[in-house]
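Before I ask anything, let me first share the structure, which is written out below as structure tokens.
Lettered A, B, C and D in written order, each chain numbered from 1.
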Amino acid sequence: MSEIRNKQIIGVIGGANPNERALKNAFTVGSLIGKNNAILLCGGLSGVMEAAAKGAKKEGGLTIGVLPGYSRYEANPFIDIPIVTGLGYSRNSLVAMNSDILIAIDGQFGTLSEIAYGCIYKKKVIGLNTWNINGVIRAESAEKAVELALSNTLKF
Amino acid sequence: MSEIRNKQIIGVIGGANPNERALKNAFTVGSLIGKNNAILLCGGLSGVMEAAAKGAKKEGGLTIGVLPGYSRYEANPFIDIPIVTGLGYSRNSLVAMNSDILIAIDGQFGTLSEIAYGCIYKKKVIGLNTWNINGVIRAESAEKAVELALSNTLKF
Amino acid sequence: MSEIRNKQIIGVIGGANPNERALKNAFTVGSLIGKNNAILLCGGLSGVMEAAAKGAKKEGGLTIGVLPGYSRYEANPFIDIPIVTGLGYSRNSLVAMNSDILIAIDGQFGTLSEIAYGCIYKKKVIGLNTWNINGVIRAESAEKAVELALSNTLKF
Amino acid sequence: MSEIRNKQIIGVIGGANPNERALKNAFTVGSLIGKNNAILLCGGLSGVMEAAAKGAKKEGGLTIGVLPGYSRYEANPFIDIPIVTGLGYSRNSLVAMNSDILIAIDGQFGTLSEIAYGCIYKKKVIGLNTWNINGVIRAESAEKAVELALSNTLKF
């Protein structure tokens, strides 16, 4: 069995047009995912997705981007494995489906759909200054969010 | 141009396991959609989807069900046009995409994903005892919800 | 149970840029589908899809178009029920999936993918001057193709 | 820019129930892809997909599997990066879309749909004892197929 297969996949979701705080949080979350040898998965585009992937690559982590379009050149430069889907926004379902656990940072309706899919697919969803949805576990900081994601003993 | 093409398509979204009030609201919403000669579109399964389709058919309306699976026999008996997708929950995106306007009744995370897609696709989303999401227009009754949906002068 | 639900759905597949003979065949196939009270389903765009839908509407038939894009206004004017998917060419799978039986007329690689999906989903595929694929039943004329499609006793 | 992003992605398509010769060819094709530092992408399941991935991993290559279902544990053990889609057979479109070039080995209708999508998406498709389709470049051996795939000067 491939070594990569044993790694945890942490999905980071959030919008393409975040504020400064969200960008900083995304970068920190990505860095900690990379440092802890987990795989970062995201929607592959800009904003939160790019900041998180940038953080993960800084630490030598592996990054996967599940893209809405047809060309892998649409992925931000910090994505190692761009997966194109041609599904448009319906790819949000695949972002949630491919993650073991999700960290939502800021975000608009696209992020809301990914939070909903995370809950549909019975994934734990950790929220950092994002939609206040029943079922999402709130984290107070980027560090706490990744700690919760990495923890095997996450309680609801 | 086909006459049917000129009709408004109202999507009714809501869960498969609603409470009594939601079922009654769904039936009333469906009835009013049928009576007003609009097309009812839904996810094609049970609960809110079935009650709304039943109401629409009672009034001689046309009903479309966008199904998650591969067999049109999974549609509830009040669906005229079952469309199979084989997309599982990713079909929620298509329910929103195919509606001119959405009425959300009760519902769990599936409904939340459809509300999110409605907003992503710039559709008006009217809520009846459902998720309290910024951007959803709250209606106080089934009658009011359909009135808002049918209105050309809907204001935000 | 809705009366429409009892009708046979015949999928007509073929390219957007057919030759004259293919267009004529598509129109005849569509007319015979409409005359025989079956539902015509197709990809909703131009060429074979439009000619077949035009034929079906001339005879008062019902037509469904499963579209690749997001706007139902992309459907040709002879489609009663346009279904948008946002799936691009991946919607070819849904065209096959939603048909009880398929008639392929002329066509390029899009049609080939629909023939393949028809066979994957265990639908009978009748071919009229189209790809020569093992498993496709060849018809010599538009009339024969529809006769085969309508027949309950189709033998391989 | 990630180093992995510069690698060529070669898609290997073929059925889950191939004969001995096809399995042997798939293993050789995969081995040569791995040895030449390209990425092997496939449908992630058994048969040709598994033999090719096994070959690639033997040479230390990277393998991606685009799966029809929801669980990455359905991937064969030689897949490094399993991507779940929940799209069923509609995922065949994504297998073609994510490859720079395709090598088809043996195969049934699923493979035929992937060949068709390869051509739709303007990818070169190299065939090894597979469907005889106009537009597919025939190779006489596994070695020749990979040589053609790796070549930048492939002519039609």
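Descriptive notes on the structure:
In the analysis below, a contact is a pair of C-beta atoms (placed from the backbone, for glycine too) under 8 Å apart; a residue touches a chain by one contact, two chains touch by 3 or more.
Note that the structure is a prediction, hence the values are computed from the model and not measured.
In this structure, the chain pairs A-C and A-D differ in their number of contacting C-beta pairs, and the larger number is found at A-D.
If you average the CA atoms of chain A and of chain B, the two centres end up 31 Å from each other. Taking each chain's centre as the mean of its C-alpha atoms, chain A lies 41 Å from chain C.
Chain A and chain D have Cα centroids lying 28 Å from one another. Residues of chain C in contact with at least two other chains: 70, 86-90, 93-94, 121.
Taken together, the touching pairs cover every possible pairing of the chains. Residues of chain D touching chain B in their complex: 70, 86-90. Contact residues on chain D toward chain A in their complex (touch as defined above): 1-2, 4-5, 57, 63-64, 66, 70, 72, 75, 77-86, 93-94, 97-98, 121. Residues 87-90, 92-94, 109-110, 112-113, 115-117, 119-121, 133, 135 of chain B are the ones that touch chain A when the two sit in their complex.
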